[in-house]
Amino acid sequence: MIYEGKQKIWSEYQKEIPDDHYFYVRSCIRQSFFPASEATFLDITRNRLGKDIFETEHHTTCGGIAYHSDTIPQETVMTIIARQFALMAKNGYENYVCSCITSFGLYCETMETWREFPELEAKIRENLWKTCKLEFAKPKFLIHASDLIYKYRNLIAAQAVRKLVNVHTGEPLKVVEHIGCHYSKMFPSKGVGGAEYPYVLTGMIEAWGGEIVDYPERRHCCGFGFRQYFIKGNRGYSLSNTHKKFESMEPFKPDLIITNCPGCPYFLDRWQYVIAESTGKTYGPDGHGIPALTYEEVAGLVMGYDPWDLGLQTHQIGPEPLLDKMGVEYDPAKKYLGKNGKNIGEPLPCTCLKG
Amino acid sequence: MTPLFHLLAVQAADPEVIDRIPSGYSHFVIPFTIGITFMLCWIGVGCIRLLAAIPQSDRLKFWKSLFLPKTIIKNLKDLFGDCLLHVKIWQRKPLLGYMHSAIAFGWFMLIVLGHIEVALFVPARLNVTRGGLFYPIFYRYFVWMNPGHTTLRGSFFFFLMDFFLLYVLSGIALAMFKRFRSIVLGMRHTTKPSLADRVALYSLWMIFPLRLLAESFTADLSGGSFLTVGVNHFWHLLFGDKLWFTPCWWAYSICLGLFFAAMPFSRYMHILTEVLWILLRNAGIQPHHPRKGVAEAEIYACSSCGLCLDACPMNVQKKNLKYSSVYFIRFLRRHNEKKINAIADKCLMCDKCHALCPVGVDAPALRRAQRATVNNSLPYDYSYLPSACAGQLSEQKVLYFAGCMTHLTPRIIKAVDRVFKAAGVEYAFADRDGGICCGRPLMLAGKTEAASKVIEANKKLIVESGCDTLVLSCPICYKIFKDEYHLEGIKVVHYTQFINDLIASGKLKVEKIDEKIVYHDPCELGRGCGVYYEPRAALGQAGTLVKASKEYDESVCCGGSLGSLTLDTRDRARISESSLEILLAEDPETIVTACPLCLKTFSEAVSNSRLPRKNVAVKDFAEVFCR
Amino acid sequence: MKNNILIIGGGPAGLEASAQLQRMGYNVILIEKAPKLGGHLAKWDRLFPDSVPADEVLGGLLRSAEGVKCFTDTDVRAINRLDKSYNVRLTNGITVLSDAVLVASGFDLFDAVKKEEYGYGIYDQVMTNADLEAYFKTGSDKRIENPGRIGFAHCVGSRDEKSGCRSCSKVCCATAVKQAIEIKQAFPKAEVYCFYMDLRLFGRHYEDIYLKAQKEYGVRFIRGRLAEVSENYDGTLQVKAEDTVAGKPLKVTLDLLVLMSGMRPSASGKAIGDLLEMTVEEDGYFAVRSGIAAGQRSPIPGIFLAGAATGPKTLPETLADARAAAMEIDRYLTEIFPDAKNYKQLVRERW
Amino acid sequence: MGKLYDLLMKDYRLKEGLNACINCGTCTAICPAAEFYRYDPRRIVDIVQSKDDDEIEKLLKSDVIWYCGECMSCVTRCPRKNAPGLIIMALRNLSIELGYFIESEKGRQMYLLTKDLCSNVLDYGYCVYPRRFDYEGHPEAGKVWEWEEKHLDDVFERLGGNLDGKGPGAMRRIPQEDLDQLKAIFDETGATARMETVRKAGERKAAELGMSVEEFSKMVYSQSDPKHLNH
Amino acid sequence: MVDFGFGLVPSSRINLDLFDKDKYEELAAVEPDVRICMACGSCTAVCTAGKFSTTSLREAIEDIKNAQPAKAVEMLQACQLCGKCSMVCPRGINTRHLILSITKTYSTK
């Protein structure tokens, strides 16, 4: 691997990310499975970085998952998107930050389609007025939440209490990145670092002291595939795609997987569990899995957040070996407690996968 | 023990011949005796083994045939014709025929006459215990001619013996000559002899000159006729009174011994095996294995004469001569599995070697059997056949089956259709939308079992069509439909025959035009099915038929044959070109053939060949009749 | 009076045209921006289809162009159109008054770095056709150490709208086949794969080398564009393509991947084109007066074109093109140029 | 040129996604679906650009168009700037509109997908809603989800979520006025009509198969013919 | 082991790393023509068996080279050796012998 070659490509794919005043839009999957990640993101941007980031309770799903499951027409999803844009404009923002990669891709695609077919944009404008009596303005900047963390990675590093380093050996942690397919595969120029060697997560890892590991199936999809996961009969596809990635990364012995897509950390986590429970194979050391974390969780860890505040307990792959390596202090007894120490029981142990 | 003694009219009063050596033995007979004993044991054991190896039914068939008058006559005819007189060679190459018959028949007569002499003059010596094995052979050494008591009968035998000795010697002289200048005897290629062949050959060459030497040296004592006595005088002139003859007899015996000892390992084994093979063949026993059972007799019956080398279409390239039948059989004898397979696969299966073989060895059949040992067990899956042959055919009395190759040359289908329409023949087209293969290519490849599946499927289709005549335009199909389909009640004809009948019966009008036509005999049609007459008869009505330099069963494969499994395109092209040259001997304007494969091959050969004649047209038989 | 002719570009086209024009008696000035003459030919080892050493061909070209006034390390600084002639200021300070200008600026090899998914300049074992030629010439390259499996990716930067080039570069297929054979000769035990979209082996003897590559060297041709290259743990490459003939995705581990970088219009040629305000077509190559009837005349009178400046060409085509340009220049300088009175009309009629 | 092709060409995704395909196979080479299904996106693009209505109809009724996971990886690599993923989406769209989807096992899944996802959107304003994500139907969600499902409110409270709460925050209750606007958008832009089409086709198919809607749903949810796979 | 109601599915990707070179060379030694196929498909177009089954020599050769010889052998079992393919092959491949040789070399029987 020739690092300079990558640097050259990264330097060519730098997108403009605004400095402040963001309109934040949540992700369906992230809210459902990683609510703490979004909370951490807002906390970091607002309270640690001191940025203005606004969220309205009126925004909804962008409809992306329904759209990519082919259940709603393109016009529907575009009108919903237009409505979100209208909310942004109504609240006086023009920097649109979305938490979801599917949304991000869809917004990019929609704006590109409108650019190419203005008559379609007009039609959507009309739809929006008819149905919601709203007018929309296209955002000046469309960015993904990970772009924002990327932009402030060095500020975060400056505030960090620890690095992505194995405290026992002093070696940097080996980190594998997984970029959501819709981040830059459709529009390479819309993502930091482009489609082939995206830099958005790599930049964070480098800034926070970790070592990024490139492996052959890095670019391969996690296998979500929308309908391919929602319908049980199709899940073999989804599972097998993740399996392929793990088989490919195994020789590199990564300590951690970092993701910027809502679904991917869920799949990279849960499919490890399924592979372990149904075949006995695990990819981490001694029967453990490889933790697959969101970038917010990783940022939170280096900034000294409590792992249980970050929601690491909601991953099926136990984060403890990683926390130990990083020298994160945590109270195992508090892992599954509710708010204010409320006892809400804990999950049953797995048969194969070590917790 | 010999009634011949009494049959002869003239008898001498005093003993004409006196047993010169009372013991009837001399040391010099040892080499011969060992040799012949070895050989006789070998062949005896071989015969028993062979007969034990063939199936019980075949064995029964064999014994029965020996007593059936019909086969007895055929056996006698074939034995005399093929083994002794070599009629088949005579027919093709008279000089070569003379050579073979001189050696075979001459030697045979020498042995027979020698034994008669013994029977006549010293009958006791025929007894095996009293030297019956060697005595008649070295008769002239052991006897003393009673001077003054010579009878006409004695002189007559002397004469006959000398005559046949000369006859054999003339054959030997030709053989020696042929070794160096085979072309004079009409052979372009001769076999490469093996070591045993050489030993036997040189011994054979030496046997008769040495016999002449030995007998002429002893002619003083044992008497002789024009040859031996004449030579004897010459020796006296040369060496004076005393002739030291024992070394000659030793040499003669050694050569005989060597010859017989080498015989089982050499091509000369054919002299005896041929007899067995003819008997087995005439009993109608077919080989099931390329080497075992009957085939053993067949492969040992091959004389390695090499006539098949000249017959083989592959002989246009020297490198491919080694794939000729003679070598195939040689390697069969040697059990060299790897070489056998390579040779078996190369052959075009044009059957010309079989047609020309003096002994009638069916090498292509052996090759097929050899291929079967390898290929018959290869997996196949024809589960689709029922659906492929499911279509219901319109009911017509005449059914036309084009076959795979005709489908690749649709001009034939068109021409056949036009001819049939012109003659008012209503017909159904069995494989109009593409049928399955006839099975012959599978058969040729040795996939016999697979072929039977294909045959079954096609047969069902044809029988169910309710036709009474099946017309085929492809000789490959025709051959197998005729031989293997057993379509009772259905007349299977090739379209050359069918069209010829249409012309003969006046249903098809043919206008004769001034066109020089040469007809190429497709292998499967000519040699394969014996159809030579009909296509020529019909073509004769349409134009002027000219001769090819090789025709009928001498015709040479076009090179496109499906028979060969391994011959590559370039080698095939060379064959096509030489075959084309043969057809162009009398400068025809049109080449007509009656096989889609030949048509395609010649069409391509004409345009690709380096021969100067490029304007010659290549036509299908049917096309001639729909001008 | 001898006409001055400026030839821009000292590659095969420039050299051949110089030699021809000098033979016709013109005063030829040849400039080349590189320190050495020969263009890409000087960097190549052997040439398809018959593996002639490139040096031999170049040597011949240089010999026949002996005596031509030649400036290396020299580029054009400015060009002024006078009445009929061109006043050209060179970077070496010399000014040339030229009656005809031949632009033989050639091509650049596509920068394979731009084809990001192939990882040139990122993955250690990826090289280009030019790198491989350099290896053949010098016998050393740290990427090549008894490779067991070698892949050739055709159409790198050709027939690829994402790389900004829709057209075919014409020479890569034959080059790939040639190089595949050569690498097999160097490493007989290696397995060699060519990933192609269409094998464009159109020239005389080209099909023969294709057949030879298959028959004698066992090179495997896979119809499918290389889609993705990545690096394995041990430094070998994993490449993916579809075998479109089988209709199945395919992967293979390679020890070496050679990218057949295609032809792009040369950057320095473009600079000269800008100075002359020459028309460039969508594909980036110079427009000609007529693609069929006047392929060596630019739309501007007195400016001629030869070689790959007007699109991808094989070496024989380039040489023929250069000879044709020489003829055209001669025709222009004898039929049109001398007639001062009717010059403009003649240009209208005959240019 | 056929009727179906014309219908397809009305779809903006096809207008965007189809330039002339040169059958190079880069899409198939990296396609996650081609990796595991009997699937070749290149062939699909080729069939669409052939404009052969019979072939297109076959495609619309087949399982093949439903294998794609819409990850859009193909878009990155196509040297002709095609977007096979978008073409698939357009094909699926037409297959649903014409009711052809119900003919294939994979297409039939639209019945469940539409029902579940659209009701999530219309009822809650989210595509995925945790209270409707049951462990029983998603055993792979793990022991941890089994636990979370039982204590959703507590877990969300612990992790700073706002499940079904007022104001902003993760999984908040979206105000009814906004849900009404979504419904209006659905009605106006054809989503509601499509939901109806799909529902009716599904119920018709269930009846055709002699199944209750529940049985049919259950079958569609878990059925997977091995013919989709390669070995 | 837990049954989730679904599981890993086999990859359909051709893996050339599994290509058995020795075996292939064995085949090429008996029928070198296997090397020169250019996948034009003429053989498949005229195939007698191919009309009624999925047999394709072109595909079989491809399968051999793609490390899937079992598929090739299975497919060629439908062949009737009629020889049409050998007539139309533009490279003059001895198709019948190739078919027999593939079966012989790769047959597990």
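Note that the chains are named A, B, C, D and E in the order they appear, and that numbering of residues resets to 1 at the start of each chain.
The rule we apply is simple: a contact is a pair of C-beta atoms (placed from the backbone, for glycine too) under 8 Å apart; a residue touches a chain by one contact, two chains touch by 3 or more.
If you're wondering where the values come from, they're calculated on a predicted model, not measured in any experiment.
Of all chains shown, E has the CA centroid lying nearest to the centroid of every protein CA atom.
A count of C-beta contacts for the chain pairs A-E and C-D puts C-D on top.
Ranked by how far their CA centres sit from the centre of chain E, the chains are topped by A. With centres set at the average Cα position, the gap from chain C to chain E is 40 Å. The distance from the centre of chain A to the centre of chain B, each centre being the mean of the chain's C-alpha atoms, comes to 86 Å.
Chain centres here are Cα averages; for chain A and chain C they lie 46 Å apart. The set of chain E residues touching two or more other chains comprises 2, 4-6, 9, 11-13.
Touching of two or more other chains is recorded for residues 195-196, 219, 232-237, 239-240, 244, 274 of chain A. With touch defined as above, residues shared between interfaces to two or more other chains in chain C number as follows: 117, 223, 228, 243, 248-250. Pairwise chain contacts present here: A-C, A-D, A-E, B-E, C-D, C-E, D-E [touch as defined].
Chain C meets chain A in the complex at residues 113, 116-117, 119-124, 228, 230-233, 238.
The touching residues of chain E, counted against chain B in their complex, run 31, 33, 46, 48-49, 51-53, 73-74, 77-84, 87-88, 92, 94, 96-97, 100, 103-104, 107, 109. Contact residues of chain A toward chain D in the complex are 26, 28-33, 35-36, 38-40, 55-61, 63-66, 68-76, 79-80, 83, 105, 112-113, 116-117, 120, 127-128, 130-132, 181-182, 185-186, 188, 195-196, 219-221, 223-228, 230-241, 244, 269-271, 273-274, 308-309, 311, 313-316, 336-339, 342, 344-350. Within the complex, the chain E residues that touch chain D are 2, 4-6, 9-13.
Those residues of chain C that touch chain D in the shared complex are 117, 155, 159-163, 197, 223-228, 240-244, 247-250.
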